[in-house]
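The following pair of complexes shares a single chain, chain A, combined with chain B in the former and chain C in the latter.
Then we have the complex of A and B:
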């Protein structure tokens, strides 16, 4: 039991890290807290479902189209809405939250709920890991999660546009002075965050059904991981994902499954009360206020 | 053409609500010229720098650079045309190594257009530039993150970031502040070399003695207005300048 909890906790933690990566990437670069993240996640899942089941496109084409559409959606959100309220944080939050709500509730209004809304797995089958049988889809999620985190690290540390991303993240004023178009980079940051939301969606939804509620759950999980890890810190995010992931898995195994949903909000409250900049956050001004 | 001004600021005004930070200022600067901008605190010097670099938009007036009206362009587009600046409070990318701070400007479209796109991949060019502004080549300081560098190096890095854009006009906003006399003395030859290369330089300074040694011309601001213009002797003889710096004489 204990060993299987360890294995399942590991997978759950990677899933959490995966969904939080996109939210965190966008915030880390452009300072935009994209509360439409859950909406984008469900948008990716349902557009993939529509491409597969209504348009009747092949699986891989549908997945790629849905990821592209979600990224474009993210870019358009920045260009047409966020750019106008840039720097006014409350407006950014209200705008993105409103878009997320609109997307999710529009899908609900159109009737996209029920057990028939599922995505096929990438690979069938399962393997034995130590004492527990794990579906290959879950193993794929772990591989995708690790590859994406590694890819983002490589991108931001070893490519020119990645360097520009880090420049904007550190000081938008200086970046502008050095000829970087900060709105363009911020558009890319929201688009890339949306790409990650979409990749997580098409990887994770096959584990269950596509439900509107998952949009809200994913947003809360992404927020919990980012707040605990410290907004914008990728290393902190991974550690936070493991803390929350294992807490959830142990809660499910040793207390009761119904308490799992309480873990993210409780841990958000605890961290905000004790260390508001997160475990590894760089927003020191928050520390000084406490 | 040779004598036509590189930058012409024409009747520029900036109001913030009811406060007029810059009021109908007109001046110009040619290639290879060093223009000093002085004035008491709050006289509008930094607002003027922000107007030229595009960080604030003018209430009225025009700015032409290379003969082109730029007053509505965003900052990054002005950089691509050849305007670089330093900040009074240095603004490096603190988490990046000193030389990596220069990779970003060296990757900019301007440098690509001018030099063919290879500069951004060459750390040696960044290291050469740092050496030019006084980072000792074999000291490894260039590889340290900006966050741990002392003020003297940060000011040099600020200058190097501007130079790395291969600009035609550099605005130096209180570059000398917080530096020792020896440090200022070591930076002056770097600035003079830039001028010899034909770059136009606008220096906003409080260190008047050092500025007067190198400036071709000075303009003096007070309460957002230009109260004097000329060489160092002329402006210091001006009654308006004396009043601004020492207080109005009583009758």
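Then we have the complex of A and C:
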């Protein structure tokens, strides 16, 4: 029991990290709020479903098209809505949250809920890990999660565009004086965040059905992981994902499954009360010192 | 190199720059001397294009109305309404006032972010030059920029501007809030910039004493208007300037 909880907790933690990576790239690293994240996540899942089941495209083509469509959707959200309220943080949050709500509830209105909405797994089969049997899909999620986390760290530390992401978050006008077109970089940031939302959606949805509620759950989870880890810190995000992931898995194994949903909001409250910059937050550390 | 003709800038109905006309020749160091709210920063923002970006943002949120009249001509191109990123590519780079740096990145990373428009090879070469001018930056390269002193931050800010390899460098109050020691270090470095790289420099200051000896020509700006212009030396000996801007 204990050992299997450890293995399942590990996978659950990577799933959380994967979901939070895109949110953190946009909101944490480049400082552009994207609370439509849950909406984009479900959008990616359902467009992939539509490409596979209605347009009847091959699996891999559908997945790629859905990832591309979600990224484009993210870019359009920035260009047509976020750009107008850029710099007024509360408006950014409200506008993007509203878009997320609209997307999710539109899908519900159109009848996209039920057990037939599932995505196929990438690879069939399962393997034995120590004491538990784990499907290959879950192993794939772990691999994708680790690869993406490493990729994002490299991207934000060693590529010009990635460094520019961190530049516009810290001081937009200084970035402008250095020739960084901040609107262009912010568009890319929302688009890349959406790409990661889409990748995690097509990797994670095959584990269950595509449900509208997942959109809300994903947003809360991503928010919890980012806040606990400290906005902007990729390493902190991974550790936070493990803390929350294991807390959830142990809660479900030793207390009761219904309490799992309480873990993210409670831990957000606890962190905001005790260390508002997050456990490993670099972003606001300086401001708190002053 | 740079011609400004009848430049006027309004914030709503307030006049920030009034019929401002000046010329800068290649290789000159020009001083813009004026007190608080005289229009120095607005002038710098107009040349660097930040004002266009501010105008765009205010328009988007239906905020303050910024109006610009007149002409700014840089190397025979009218840049009055050009976006800042384009002007940077043309060679105009501004180091804003109050040492603008990226506080949460370390010094080396600040210089990396600044190299957005440059190729990696060029960046490495310019980096070596910058470490030569400001050896302190090399010693502090792994320190978080927010933890540096004001003088060190100002050196970093100038270093970041130099990474872009400007033809025209705009320094907005580079000496603001620095100790006399750092002031003299910076003044010396500014002179060296022209000597070694042939960069044309416009610098604005409230406190004229440390900068007048190094500038070729100076403009005195009051309430958005240029009231006096002369060589640095002549301004040094002008009794009115002494009482107004020397802090005696």
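In this section, the second predicted complex is superposed on the first by the 281 of 290 C-alpha atoms of A that agree within 3 Å, B and C clash if a C-alpha of one lies under 4 Å from a C-alpha of the other, contacts with A are read in each partner's own complex, and residues count from 1 in each chain.
By definition in this document, contacts are C-beta pairs under 8 Å (C-beta built on N, C-alpha and C of every residue); 3 or more make two chains touch, one makes a residue touch a chain.
This is a predicted model, so every value here is computed, not measured.
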Simultaneous placement of chain C and chain B on chain A, clash or fit: clash
Touch count on chain A, higher of chain B and chain C: C
Partner chain(s) touched by A:3 [first = chain B, second = chain C, both, neither]: neither
A:163 touches, of chain B and chain C: first, second, both or neither? both
Touched partner set for A:180, first chain B, second chain C, both or neither: both
A:86 touches, of chain B and chain C: first, second, both or neither? second
Footprint overlap on chain A, where chain B in one structure and chain C in the other make contact: 160, 163-164, 166-167, 170-171, 173-181
In the complex, chain A residues that touch chain B: 160, 163-164, 166-167, 170-171, 173-182
Sites on chain A touched by chain C in the complex: 83-88, 157, 160, 163-164, 166-167, 170-171, 173-181, 232, 282-283, 285-286
Chain A-facing residues of chain B, complex: 53, 55, 74-76, 79-80, 84-85, 87, 91-96, 100, 103-105, 107-110, 120, 161, 164-165
Interfacial residue positions of chain C with respect to chain A in the complex: 48, 50, 53, 57, 60-61, 83-85, 88-89, 93-96, 100-105, 109, 112-117, 144, 146-147, 160-161, 163-164
